[in-house]
Structure formats: structure tokens, C-alpha cells
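Pasting a structure here, questions to come.
So that you can tell them apart, the chains are marked A, B, C and D in the order they are listed, and the count of residues begins at 1 in each.
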Amino acid sequence: MGVGETIGLIHDGDSVTLSGVSMVRAPMAFVKEIVKAKRKELSIIDREPGIDFDILIGAGAVKRVRFAMLGLELLGLAPNFRRAAEQGEIEYLETTCGAITNGLRAGAMGMPFVPVKGIIGTDLLPLHEKKGTWRVIDDPFSGEKIVAVKAIIPDVAVIHVQKADKFGNASIEGARFEDVYKAKSAKTLIITAEEIVDTKYFVGHPERNTIPYFYTAAVVHVPKGAYPTACYNYYPPDYGFVKNYVSMCRAGRFDEFIERWLRGEEDEN
Amino acid sequence: MGVGETIGLIHDGDSVTLSGVSMVRAPMAFVKEIVKAKRKELSIIDREPGIDFDILIGAGAVKRVRFAMLGLELLGLAPNFRRAAEQGEIEYLETTCGAITNGLRAGAMGMPFVPVKGIIGTDLLPLHEKKGTWRVIDDPFSGEKIVAVKAIIPDVAVIHVQKADKFGNASIEGARFEDVYKAKSAKTLIITAEEIVDTKYFVGHPERNTIPYFYTAAVVHVPKGAYPTACYNYYPPDYGFVKNYVSMCRAGRFDEFIERWLRGEEDEN
Amino acid sequence: MKIKIADIMIKAMAQTLADGDTVLHGLGSPLPAIAMHLAKASHAPDLVFFPVSEGLDPNPDRYRLRLSSADPDHFVGAKAVIELIETFDLASKGKLTAMFLGGAQIDSRGNTNLTCIGDYQRPKIKLPGGAATSFLTPLVKKLILWTTHHSKRVFVDRLNFLTGLGYEEGKDKEVTIITDKAVFMVEKGYLVLKSVHKDVSVKDVVENMSFAPIVGKYGVTTTPTSEDMVLIRNIDPDGIRFSEFEG
Amino acid sequence: MKIKIADIMIKAMAQTLADGDTVLHGLGSPLPAIAMHLAKASHAPDLVFFPVSEGLDPNPDRYRLRLSSADPDHFVGAKAVIELIETFDLASKGKLTAMFLGGAQIDSRGNTNLTCIGDYQRPKIKLPGGAATSFLTPLVKKLILWTTHHSKRVFVDRLNFLTGLGYEEGKDKEVTIITDKAVFMVEKGYLVLKSVHKDVSVKDVVENMSFAPIVGKYGVTTTPTSEDMVLIRNIDPDGIRFSEFEG
């Protein structure tokens, strides 16, 4: 199955979360398919996304974005996100890492919400109370105020992993971020993998199996599927790519970037 | 450090949880030390304990027991627990696996409580409401009734693992049960290990490190530390031992069993 | 070798499971464990098998029944560790479709008591406890209860303690009860006889219950085929499945 | 090679950490990452080092600073994966003792804004967002804020958005602010000047703030030793620590 064949699992208007953070293990090959397929009105959700979300926003695929931080670290602000936010082109809901990670974990655990410490006293709280994503409740045991964070259950999670078997048993090597929780909370899970391995790879090494097959709706073999973001044990982030992206965006050449990228001309090799 | 040297970390009246379930990976060598040291008034907590808890109860170390199931599976009821419960010698609070596991996980996550589905309508609910361990609350988002299970934070967790380094990085092989949550929720964590390995064992294989060192108060090398319960990759349960235990208890010979066991005469080899 | 009641119960248990079911068994569950193997080896190859020993989909070729259902020998060769709490998370999400649970007392609605005989505070018999019963019985779509001691002591008018919920009005939940004499289902809040085991009379079934089940159209419980028996005996060459029937 | 302001800030950051501290740094945090290495290599060998790249206690001998703080190269040779959420769990238990966070705007109580310049709904500048700030600032015992742009734009009278909490009355919480000119602490709700960096005047510090900090007894910020500089340059041979000062 090619990565393009799974795009039917994502529909206009879906809420979508993607693996990785910043310039690490974002499912970029799948992001490209979303742009190619001209999906619209997506709600995209992630803790600390970067170029993946910025491209989707720039390409007009996004109605709503929920994030704790969305930028390119030392390489600057995310140009399309910034413009779209400042010009009112998208809805956005800023959250905080402790809330979004726990919201995804609540989804994975099948809990309707979880109580999360901190947060009270910040300006994020009234925003989320208004949106219905958080509520201040009394701890029924101590009586103390605490923020109840509603479970986050995305329609689709796309998780890029190092290795998977054809059944969808998947192995994340190195940092996992919230990817296991995303995988287990989402209604539909798509795995893209650097390598397809035989199930024997997991037998006797069950600790390698970070996402067991029964969560997975589709698994696709996509070497360099995270490029230009990094894939531990396979390739580093291509900082040059991201720098060039920022320059082109700043020069008003995002459309040109997208055309070249969709044709594969921005990718190395 | 010998296993006996860590017994000072457990005090009369402490709440204590032990690793494993039933006849698997209970920290029996440590249980023996508790009995030797004549600890009293312990509150012992576990999902599905077996002979470990039954011995502690028989030895008079226990004031209170909290469990979802306490028995010896096909080998019968737990003789000391049963007698102590029926004759009012101990306090006991029966819980259900989904509540006790989630209570321990809430402790590990630093949440004061978690909402747990199910349970409502059973006779366990009023028992726990009275004890203050559960409360029925309204989900602040859906308005539905749900059981809030208070976090379980034992004073001490004793976890028997296959391998650990001298710093307390610990590797549970095979089934983990709630042991990782127990380790992370308890105020004091004692690791007993079949083997002490060099830290290099974990380097490049971080997935082996199920309990990182910073949780661990003490780590002790105890080969056969789970015997007569099983330790995956090391030894199976000794069903004969448990059968003999049951026979001796039924014959009113528990004290004799304990004396022989403390002297090492009940253990194989 | 003769087919025994244990084998008939295993077959009946296996038949409650459909392909694609996600199924958990707990401690002290030799019959369910064999039934899950049997279902997966026959009509339900895509059954997801969660054993309390936490090794996903244990390999029947090397699985041998033990006196503890959590025996780590059942873990050997596992391709994933599924912590019990993960199956509970699935249950909370409505994705654990079936669970096998025992019942020391069972009432006419399929409610169960596994907690105590007599009063909770000062019981006549303190039973081992309900394990996951209180948590899971409201959450699974298929609840399969079993007892190896079909008797008035088990089938009671009134439970001493309500550990597990059977029938729940308005809920998509199938409650099956498999005993050493018969198979029942709970329909609209009543225990309905579905089949009696070979060589068991309906009279024997009904007279050994403290309440009257609904007896309408019923059949004879399917007897395991010789193929089934090969699998059952391979999984349990030591006959551990019979130990529950003692005492 | 000259000691630069980045190096002085790193040394000041390292000095906020004590042996046994459990410390997290997030994305876009080159100075804190080096500071954590420096503290652990000198006065705080038992510091527990949680990098956003999730490899516990990264080995300084092979660590090279990268443009992303989550670069998986930082994970190589890790002895444990500590998911970010696990450090949050520690924070919720009061066991994450220190955290480094930035501030696009900082007020006189050490409150921070990382969300937006102007109105949240229609901002003049949409900043990347506070990341863990709102969650962690009320939970850690040591909050170390930093800015590489000490200016009236950063030190404001009134934040456009309250992303992070600084001083909180009655709480055991130490708030330190390290800039490219000076080091402050928040005491009883006021920003108190603790030290100015070598070659920086107090006038330069105070005139570049929209409010007046408390200036009493203060010192000169400790300059890194040559030993410190060897470590800093080994961790960051490419000078990535300077990139935050651009623009």
C-alpha cells in the first residue's frame, strides 16, 4: 500500500494529530499527501508542531489549530501560522504542554477527562473554559480547585515510526513524545514506517512493540517519511531545508515552495 | 547491601505495596525480612496478591488489606486471609482491578484522582464512598455520573525485577502488571533484583529501563528473590511449595511453616 | 479419551466469541484461556487475545495450561506486553468486547457475587474477591459468566453482595452463563435456558437452581469435535482444566 | 576565544541549580541545555537531567548542541527514555525541582507572556506559544526565566497575555531572571537586581526596563572559568548558543 492510498482515511473537516515534535519525526510524507489531496477545514492538534503544521496552514488545509507551541525554534517563527493567526485566517487555541499531553493521555486511557495541576491563574484558563475544553472543578477529596482537561480524541492520528510489521505492530525508537497516546486515543490510526519488518522482530522483544497492531487501521512503508524532520537511527533533521523554507516564505514564495515540494524537488537526493 | 539492610525503610503502620500478581514476581525475600523484623500494623495494598499477602497476614504484620482479589487461584482460598477476615482479625477493603490499577496510576501521574468508568451500581461503591477512597462525581463536560478514584500513594513499594544496576535503574522483563505505577506512586521505592548489571546494559537499549534510577531509594541484589513465586526468564512458580503451604495452614501448622521458612528450610535447594 | 464437561464448557465459551472480538481473561481462568485459543484457532482467527499474563496473542503451539493463569510461561514468545490496565483502558473506550468472569453466586439477571457469603463486614466465607468484575461488567459488550458448580448455592434468589452487574436495561450487552450442566443467556432481565449439556436433563438443570429460569426452546450444547479435542488436549495435556470441578 | 554574554548567562543559569535538582529544558533552549551540562559536570553531579529530546542524562562527551533542542542526536547513548509527560507527572508530584523558560514579555513579578503581542484574538504578533509555561510555572520550586533581549519591550509594566506565573505569595518558589545584561530574583513580589554582567552598567540595566527593579546590594555576575569555557565549547563547538541573540 502506498502512502497516497491511505489518504482516504482522512476527510475534510477531520481533527488530526501528527507524530513527533518540532523537527523530529513528523509524518512529512503523509503531510504531502494531505496537501496533494487538497483536504480542507482540518482541525490540527499537537503539542509542539513545526514545519508540518506550518505547511498545512500555508496550503489552506486548516480551519483550526490547537498547540502549546508552534514555531521553528532557533530558525524563527512559523511563517504561515503567524500570518494566518495575525490576519484572522484560521481559528487557533493555544494550550499548554501539560494540558494537551494529558488530554491525549486521557483519550488513550478512555477517561472523559483528567485533573491537571498548575494552569490556574493564567490567561489560558478563561480561553479554554469558553471553548469547553477545560473546566475548573473541586477535587472531590481535598476540595481544592483543579483544572479538568477534557479528553482529546482526534479523528485521525498519523504516526511515523522507525519499524512496523505489515499488521501494524509499530516500534518507535528513541524519543516517543506523546505518540503512543496519540495512537491510542485517535479513532483512526495510520502508521507510516521507515522499514517494514517481519513480526519475528517483536517476538521475544515485546518491549520494541510500542503500538500493537490492534490499534492500527493502516500501515504504510515510507522510507524517509519524516524528511526533512529527523528520524532517530535513520537520519537527522535537515536544517538547511527548514532555513530555505523560511527564506522562501519570507520572500513571498510559499506557493513556489509547495509546487516544488509536491514534485519532490525540495527533497534531498 | 543485603535485603535485610533495607528493612529500615519500612516502619510499623506503613502502607506497603508489593510487585507482581498471584504466583508471579512477588518480592518474597523481602516479605521474609518483614516477617523477621516483626513489622506490625501494615496496610498492604495490591491488585491480585496471593501467598505474599497471606503470609504477612498470618504472621500478624497486617492491620489492613486492600485488594481486588486475594487467593491462590486453582490452589484454593488464601487460608490466613480468609480466617483473619472471617474472624474480624484484620480490616479489609475489597476493591476492583480497574479502580486499584487506576488509583496507583493516578498516584504515578501526580493526579489527586482519576475518573473511572464502570463500578456504579455495585455494592463496592457505597463501601468505598464511606471509606473516602471513591466518590461519584459529575463529569464536568458531559454531566454523566462517574466514579472518582482517589490516588493511591503507598508509603513503600517493593518491586522485584529481573535486572537492575547499582543506581536503581531497573528492568522488568515480561509482564509488568502495575509495577511501574506502584514504583512511581510510592513515597519510597525498594528494588530487589535477580541480577545486578552494569549501567551499560541500558545504554543504547533505553526500552529495557522500566524504572529509572531517580525513583529508587534502595536496590538490593536478591537472587531467587521472588521464590516461590515466578520470575520470568529466571524460574517458574513453585506450585508444590504453595500446595504444601496450603496443606500446612489447613492442618493448623502455619507457625511451623513460618519457622521453617525463616530458617530457609521451606525453600528449594 | 472421553470428552468431559470441562471440554463441553470450553466449546460453549469459544462459541460466544466472534471473529474480531477483543477478549480478556483473568486469574484462575483455565476454561476461558482454552476457549480463547479454541475460538482463535477455528472460527475467530482475528480474535485479539489478552491473557492476564500480559503477552499478547499467546502462541497455542507452545502454550501449556498452568495452575496460575498468570504463569510467565504463557508470556514466552510474546510480540507485545499488554499491561492489564491497557485492556481496562480499552474497556473504558468500549473496545474490549468480551470478558469471562466467574460467579460464586449468580442471580436471575446475571448479577454476580464474588465477594463474600454472608455479611461483608463479618462474612461466613470471605471469597477471594471480584477482581475486575465490578469495573468490567458494565463496560463489555459480551459478558460470559461461568460456574463449575451448578447448584442452588450458586443460583440464588438474592446475592449476599452485588459484585458484578449482569443485565442492564437499554445497554447493548450480551450476558451468557455457562455451567457444568447448561448454557443460559439473560434476555430482558430473565435467565433463559439456551442449551443443556449432553446427558444432562432439564430437570437436573432447573432443580439445582433457587429460582426458575425461563425454559422455552432450547438445544443440546454443542459437543467439541475431535479436532477441538486435539487442541484442548494440546493446550492442557496435564488436565488442569478439571481442577476447578473438584471440591 | 573571548567569553561572550551567552557564556555568562550559561554560567548564571548553571549556578541556579543545586546538586540533586531534577531539571527539565524544553525546545529552543540552547543556553539552558548547556547550563545543565555545566552544573552536572561541576557542582551538581547528581542533578537529574531531563532534556526535551527524552534521553535521560545525556552524555556531555558526545553531546553537540543543535538548532533543535529535540534533535535526536541528543538521544544517542541514552539509558532511559523519559517521555516529556513523565517529567510533567514529576512536576505534579512536586518532584521536578527546576525549569528554564523564556519570556517575550516579563513583568515586575516575574509573570511572563509567550503567547501574543497585542490582543489574543487578533494579535499584532502571534508568538509561538508558551509550551509548558502555564502548566509548569505554578509547579516547580525553581523557575529560571531568561531573555537574550533585555529591553523595555521585554520588561513591561503590563503583559499583553499572562502565560506564566512568576511570584506566588506563600509558595516555596524561587524565581530567577537571567538576561543579556543582568540577573534578577523576584522577592516578595518585586524584581530585585542581583548582579550585572561584566562591562554592563546598572544604568544600562535599569533604563532598558519599563518598570524600576529594586536596586540594593548587587554584585557582578560570575564569569565562567576557563574550565567552564572548555565544557561550553565542547558542548557547542558550532556556536549555536549565539543564534538567540540575533534579530
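Rule of thumb we're sticking to: contacts are C-beta pairs under 8 Å (C-beta built on N, C-alpha and C of every residue); 3 or more make two chains touch, one makes a residue touch a chain.
Heads up on the chains, UniProt names are C, D = CoA-transferase.
Given the structure is predicted, the values throughout are model-derived calculations rather than measurements.
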| item | value |
| --- | --- |
| Joint neighbours of chain C (CoA-transferase) and chain A, given as chain labels | B |
| Label of the chain whose CA centroid is most distant from the centroid of chain D (CoA-transferase) | C |
| Chain pair with the higher count of C-beta pairs in contact (B-D, A-D) | A-D |
| Centre-of-Cα separation between chain D (CoA-transferase) and chain C (CoA-transferase), whole angstrom | 58 |
| Gap in Å, rounded to a whole number, between the CA centres of chain D (CoA-transferase) and chain A | 27 |
| Euclidean distance of C-alpha centroids - chain B vs chain D (CoA-transferase), Å | 41 |
| Residue list for chain A, restricted to those that touch at least two other chains | 109-111, 116-117, 174, 206-207 |
| Residue list for chain C (CoA-transferase), restricted to those that touch at least two other chains | 55, 78, 81, 88, 91-92 |
| Arrangement of touching chains [line / ring / star / complete / other] | other |
| Set of all touching chain pairs, with the criterion as stated earlier | A-B, A-C, A-D, B-C, B-D |
| In the complex, chain B residues that touch chain C (CoA-transferase) | 21-25, 47-48, 67-71, 73-78, 81-82, 85-86, 88, 92, 94, 96-99, 101-102, 105, 116-124, 127, 174-178, 181, 230-233, 236-237, 239 |
| Of all residues in chain A, those that touch chain C (CoA-transferase) in their complex | 108-111, 169, 184, 199, 202-204, 206-207, 209, 212, 214 |
| For the chain C (CoA-transferase) and chain B complex, residues of the former touching the latter | 26-28, 30, 52-55, 66-73, 75, 78, 81, 83-85, 88, 91-92, 115, 120, 122-139, 161-165, 168, 240, 243-244, 247 |
| Residue numbers on chain C (CoA-transferase) that touch chain A, as the complex places them | 22, 48, 55-56, 77-82, 88-94 |
| Of chain A, residues touching chain B in the complex | 109-117, 132, 135, 137, 139-142, 144, 146, 148, 150, 174, 206-208 |
